[in-house]
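Labels run A, B, C and D following the written order; every chain starts at residue 1.
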Amino acid sequence: MDLVIRNGQVVTAAGRWQGAIGIAGGRIAALGTVGPGAREIDAGGRIVMPGGVDPHCHVEQMSGMGLMNADTFETATRSAAMGGTTSVISFAAQARGERLRDTVAAYAARAARGAAIDHAFHVTVTDPSVEGLEADLADLAAAGHRSVKLFTTYDIRLDDAALIRVLAAAKAAGMLTCVHAENHGMLDWTKARLLAAGLDRPEHHALSHPRLAEVEAVERVCRFAEFLDAPVMIFHVSTARALAAVRDARARGVPVRAETCPHYLLSTAEVLRRDGIEGAKWMCSPPQRDTADVAALWQGLARGDLDLVSSDHAPYRFDETGKLHAGATPPFPAIANGMPGLETRLPLLFDAMVSRGHGGAEAFVRATATAPARIYGLPGKGDIAPGMDADLVIWDPGRRVTYGADDLHDAVGYNPWAGTTVTGWPEVVILRGAVVKDGDDWRGTPGAGRFLPRAGHGVSPAGRMAPELAFMEGDR
Amino acid sequence: MDLVIRNGQVVTAAGRWQGAIGIAGGRIAALGTVGPGAREIDAGGRIVMPGGVDPHCHVEQMSGMGLMNADTFETATRSAAMGGTTSVISFAAQARGERLRDTVAAYAARAARGAAIDHAFHVTVTDPSVEGLEADLADLAAAGHRSVKLFTTYDIRLDDAALIRVLAAAKAAGMLTCVHAENHGMLDWTKARLLAAGLDRPEHHALSHPRLAEVEAVERVCRFAEFLDAPVMIFHVSTARALAAVRDARARGVPVRAETCPHYLLSTAEVLRRDGIEGAKWMCSPPQRDTADVAALWQGLARGDLDLVSSDHAPYRFDETGKLHAGATPPFPAIANGMPGLETRLPLLFDAMVSRGHGGAEAFVRATATAPARIYGLPGKGDIAPGMDADLVIWDPGRRVTYGADDLHDAVGYNPWAGTTVTGWPEVVILRGAVVKDGDDWRGTPGAGRFLPRAGHGVSPAGRMAPELAFMEGDR
Amino acid sequence: MDLVIRNGQVVTAAGRWQGAIGIAGGRIAALGTVGPGAREIDAGGRIVMPGGVDPHCHVEQMSGMGLMNADTFETATRSAAMGGTTSVISFAAQARGERLRDTVAAYAARAARGAAIDHAFHVTVTDPSVEGLEADLADLAAAGHRSVKLFTTYDIRLDDAALIRVLAAAKAAGMLTCVHAENHGMLDWTKARLLAAGLDRPEHHALSHPRLAEVEAVERVCRFAEFLDAPVMIFHVSTARALAAVRDARARGVPVRAETCPHYLLSTAEVLRRDGIEGAKWMCSPPQRDTADVAALWQGLARGDLDLVSSDHAPYRFDETGKLHAGATPPFPAIANGMPGLETRLPLLFDAMVSRGHGGAEAFVRATATAPARIYGLPGKGDIAPGMDADLVIWDPGRRVTYGADDLHDAVGYNPWAGTTVTGWPEVVILRGAVVKDGDDWRGTPGAGRFLPRAGHGVSPAGRMAPELAFMEGDR
Amino acid sequence: MDLVIRNGQVVTAAGRWQGAIGIAGGRIAALGTVGPGAREIDAGGRIVMPGGVDPHCHVEQMSGMGLMNADTFETATRSAAMGGTTSVISFAAQARGERLRDTVAAYAARAARGAAIDHAFHVTVTDPSVEGLEADLADLAAAGHRSVKLFTTYDIRLDDAALIRVLAAAKAAGMLTCVHAENHGMLDWTKARLLAAGLDRPEHHALSHPRLAEVEAVERVCRFAEFLDAPVMIFHVSTARALAAVRDARARGVPVRAETCPHYLLSTAEVLRRDGIEGAKWMCSPPQRDTADVAALWQGLARGDLDLVSSDHAPYRFDETGKLHAGATPPFPAIANGMPGLETRLPLLFDAMVSRGHGGAEAFVRATATAPARIYGLPGKGDIAPGMDADLVIWDPGRRVTYGADDLHDAVGYNPWAGTTVTGWPEVVILRGAVVKDGDDWRGTPGAGRFLPRAGHGVSPAGRMAPELAFMEGDR
């Protein structure tokens, strides 16, 4: 064995056991009773879990406002790994007029240079009018890209016909379609009324994204998915009622899955009301909600109505290059939306789910590693079993850490969770058998991360489109 | 008394009684035991009901295809009256770039000249970018126009932000918003796939309007109505599931009402599969559905989930000036949608509801006269009580009539229901005390119909908008 | 005319008009313009409405505890009429071992002697083991008795098989089955735990009837009604969720109707927490709930999910012959359940619905007179139209009255609503053309009330039993 | 290692991998790369799965009719193991008047003598009036018995108050309550009508258990579980609508789980219509349903609304000692209900789920081994991981077997699935490291099976009882 980790309490989504993990050639080779290794790590009774899989983060990407993300692949993946995450899926975001194959090629080149951990892409379609949509998606799928991202809001939104077209093309290509679902018209109309009423502070951002805007868009996307029997992932569910809409759709047999994020589970819109411009650090879309929504989301995670928890890492500095590019106290629509989250996702959730018992350790692994790997079809990730990639994290379940103002390893320059104390900390992080985090030290290598070609995804259609589409049966 | 009708079996939405009706000054003056009249009619034991109110018909209106309706106010109202209807609400349809006040003035002038029965308008908003939307709606409401019409499909559709804006403006003006609710993107995408597959006959029209397109749009409009607590009427519900969406919205307290039409209650998409181009005579939007939908609509009418039955009279001749303007066997998208229905609505429903017992006579009056009058706020219409307008129909419940190929009194030139036999016939029709139909003879006068200014409508908001809109409380 | 009422603002469930009402032979003979009467009443612009119909009251009946109601037919009907009610349906409650025909005969004899207003009976079945259940129900239906009453709780409850048997027999006889629906097991178990915990005061009565006990029993009864397609009325709905269960059942096509009572619409369980034993005055089953339930019930009444409002008058004196028969401060299970309500039902609801606008005057008439008359099939009642019984109330909409401690005309001796002020008062009450209340004076005559034989009821089956019962088709 | 299995394709609920399994001391000691074993088995590329866990079977138990099961622990566990099952939970069924501790002691003694595989008991409560219910349940839980069984039908049914009492006691003791949920009244009433109509053949058994009887009882039990926040398992769900009731309850946060059985997934009521008395071989309760129910159950299993698939093995010989004890062609109520299933459960489901793809191999393991082990809290069972019991099955995925008339290893004497061909066969079955089935040979030992004491179960309460029960908080 190249490496053996002994004396760990191994926890997977399926259960837990005591013993050793043997690693050879970057893969898990032996479990339980394991012979000697060239190198050995004594876990000392600490918890060993699969490396985290974060399937929703923005890296080296231009925002709708024309702001470049603060993070490069190098800084983003370093930050992820320092938080226990060993695989990410970020976005290859189509610029207007750009062919999708070119989009993906450009992002792939950047990631190949910079990424210190393994990675894949969601192909963000913003301009379906560009030549070759269906052909490029098919080619990209063949090349191992198996997910598409769409918006129902922002300037990059698709209208309904385009959304349906992309859903159908993605399904035909064997891809899963991820959707940011909020009703653009409701947001737009409400924002205009707020501004007209002089309500333009960060706290009003929450009002500008009414709950019903999310509910409506989720219902609509689910109806489209039902129409085509097309696999869909609803991104960042934030409200109790949108969650109910997902559950209702599943009950009808619609192939829909859903995620939420730590900031919807662990904070409310209160954070936007902090003094001065401070609330802007927490601004993201959809916004944080209230305690009833928080309770419903936890319940949804427990029942499986929510499949996983991603970070939605969207990195902007809190200065004139980022959040405050429009001034020191800009109106909320001029403030870039997004929070850093790659590095805090796992410690925050370990604290909540394992240390404080909201679901337990197995559920934590499932929500943050196993389910993302399965749903997005990432080979070799998300579990500890012979043949799987040796992506492992040794957690110290007793270590208490209080976040500081600027203690993350990304390029964002602030930590919204400053002052929050978590119990449980990722001490050692291993990527394909190589230690990339050791104690508080970064040991990873930019460019050492690999692209993860995927053969498919894990959301099966029900086998039946709307009856009116029977004439298309040959297309399926 | 100017006129006394004796020996009738009087039926209203509330019940039935035997006796006389005395009329003075065009109004009902006495019921039961009534003194002598200047003129007397012996109903001879036949049924006397309130004159029908048809709140959904297209008259002297340009279609989206640029086709003018076959009917003028003169021909349309003559046809309506010959079928037992004494009040209509047709559309004042905004042309692109036209101010709404000008739209309504033009239609009002045409109606004043031609209408032989009483009438009002729904203000169809197709271009909210024109100056003065909110102001014109407020002025129009003050002048007695209390309903707005919107589309979610066709070239005249409003996008979501515009739809919300108009809903809010209509609510502020005290107007009810009526919506043709189908998802444009789903229709468009499906139509393109059908045509690409060479499926372009009238029967494929049904496939081009998938059930879920109606369901989605109804759900969405109900969510907007919920957001604003704005009164909404869903036009021409055709599917079981859209009906369920209305019911669910009502259960949440959303101020939404719904109607259907005789062709959804009494025929299925089978009619579109008739030989050659014959099916084109039945083409309308949404299309006829199947027997399960028909059963659900009847049940919905019985339970009150559907409030009323309108005709959606949309008159096009079956020739090169109308349905076949694009040729003798055009592809379905080139065929004008719409069926004549003003004259057949009441006999078809009397036959079904009274003669064949689907609900009974009181329910028939409620669905076709009382409910439309109440929901749309038509003063003096829809009931037989002292002070109400003397709009009355004497029905011969035993007369059996088989419709012929071209026996209607509109300008359409064909009767889609040719060959259908109905039991029960409107023998005498009285408008404000004046006989306008006598046996089979037309006695009405173009221009004698009056505009019906309305003080409001009958759909009360629940009193609570979405919580995010609390800042607008002052606006309500 | 025998009597003419002039200058009234006449309000029915269908609308309102100004004019005269002519009465001849105890019936309404003329409306609107009416010739001279032998006697004339000038309503002076006040409101004239149909006499109230109270379809749920306990009169001269033995309670489950062996307590006789405080009211005889004479006192109960006097109280009803003084409150504006001119028809009641009370119970003919089977004693154990008694044939139903004997039960009804005994009650009918007592009512014939004492009743000052018109009346009918629900046949309360408590012992289906007695010979002749099906035969007696058929005979009673033929004699004009068209409703049955059942309990799912108390010692007189029916088990599920008996309940189904009676539902089937009632349906076969053309009778409507009314149900007191609470889960006995839940009540019993909870009561035992409360008493074991020493929680035995009136306020604990509310805990002893958990909401879910009502919800469960309503769901179950609706499933039985669905199974047999048997018409059912759910009595005294008190919770939001039981109301939702009724609505769900209706959406499935189950022939179920529902009522509530003033004390569920206008008070909460707070009343049970009054000082000392005072709360016992308000004890009834189910108990008052909370403000969220109250809001839902009002919304349900507005939407038609609740069809009517009855009193559930259950008269016990607040002394050793009634509520306090087990002592001055008995544990709650020893306190007779029930409140007087015949006389206060209409003024309380007029105040809420007409004066304070919760629904309006027409809705008030519908809920308290028209709907009860229609649903229970009472001939000639609940409306103002030619031929109907001349049961009329002249309301002074401006008169404000504050209830006193003992100001009702029943035999109960206390008014739970003491201190409550209502706006609107029934000044003149007319039964079949005879004034029975004039100002504050009682002018009625014990024994002058007539039994109201019924030909059927107003709740139509959907036409389809459970598929497993197809073999019984011949029985229907 | 005592035993090493090499060259297997190992499949667990979590995924699959290639490699070796090392066993020492009856437990799994090493996975992946494993050193030499005292004994080695070459799986030859075949599939290795965890041994099956069947949590619902009747063994050595007296039926309600007074018939003893055909199977002893020896024959039942032999049959189970020959079908790939290595753990069973059968019933310790209380006789009337018997203390539960005595019941369990008697069954435990019989099982200890005869059982060839590991086992646990559900404590069937039929007589809660016996002294010591709560105390015995607490003691039994402490001794490792963590599930209770209740009936809502048959002579051994509990009434609602008793059911609630036992649910509360089971929850307090940390036990999961399993329920046979059908409405007894509906069954009883329907059966009587069928017999009265002369419909008494096996096919009429299906009519005698209407779908709504299951739906109602499931709804009711879920309401009780909601009331107490008590963990519940619904046994043998057979209908689409009962499944929907479970799903609705889960959406409300009720801690309820559900199972179904192979005969509901793989056959319909058609089997009861076989010639002569043949249908009696398939008679069980609830009965098989129709194809729409079958489709819904498969969908429910895919979505996780159904958690697992058990056999409900209820063994009666098809002769005068069993099914036909009342004669050769008895009326259906005199025919014992139940089918053998311990041995066929896994091959039938492997064929459907793995070979024919209804869910796949991982889902098969989850439904038949992992989920039962987790939900019922069986230590060391249902997974392949270091430290787990070495309960393993080597499946030959290509072997096709057609069931014969009497080829099972139980004592029943017939195989209802005779003539059915399955693809995939359990070739080698290993219990705690010992081969108990080798090819077609039985190698097990009566009495070698161990009792499985449990520390708890896997169904967590939501943390909130009905608000009316707040006074009991101390009891939780």
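Following the convention adopted for this analysis, a residue touches a chain if its C-beta (ideal position, glycine included) is under 8 Å from a C-beta of that chain, and two chains touch if they have at least 3 such contacts.
Because the structure is a prediction, the values reported are computed rather than measured.
Participant: Identify the chains in contact with chain A as well as chain B, in label order.
Facilitator: Touching chain A and chain B alike: no chains returned.
Participant: Based on the averaged CA atom positions, which chain is farthest from chain C?
Facilitator: Between chain C and the rest, the longest centre separation is with A.
Participant: Taking all residue numbers at the chain B/chain C interface, are over half used by both copies (same) or under half (different)?
Facilitator: Answer same: the two copies use largely identical residue numbers here.
Participant: Taking the mean of the C-alpha atoms as each chain's centre, how many Å separate chain A from chain C?
Facilitator: Whole-Å distance between the two chain centres: 58.
Participant: Taking the mean of the CA coordinates per chain, how far is chain A from chain D in Å?
Facilitator: Computed from C-alpha means, the inter-chain centre distance equals 39 Å.
Participant: Of all the residues in chain D, which ones touch at least 2 other chains?
Facilitator: Chain D, residues with two or more chain partners: not present.
Participant: Once you've mapped the touching chain pairs, tell me: line, ring, star, complete or other?
Facilitator: Topology of the interface graph: a ring, with each chain touching two neighbours.
Participant: Every pair of chains that touch: which are they?
Facilitator: Touching chain pairs, listed by label, are A-B, A-D, B-C, C-D.
Participant: Help me check something: in the complex, which residues belonging to chain A touch chain B?
Facilitator: My answer: residues 159-165, 168, 183-186, 188-190, 193-194, 197, 199, 206-212, 215-216, 219-220, 223-224, 226-227, 466-469, 471-472.
Participant: So in the complex, which bits of chain C are touching chain B?
Facilitator: Chain C reaches chain B through residues 1, 10, 12-15, 17-19, 22, 24, 28-35, 244, 247, 250-251, 253, 299, 302-304, 370, 383, 385-388, 460, 462.
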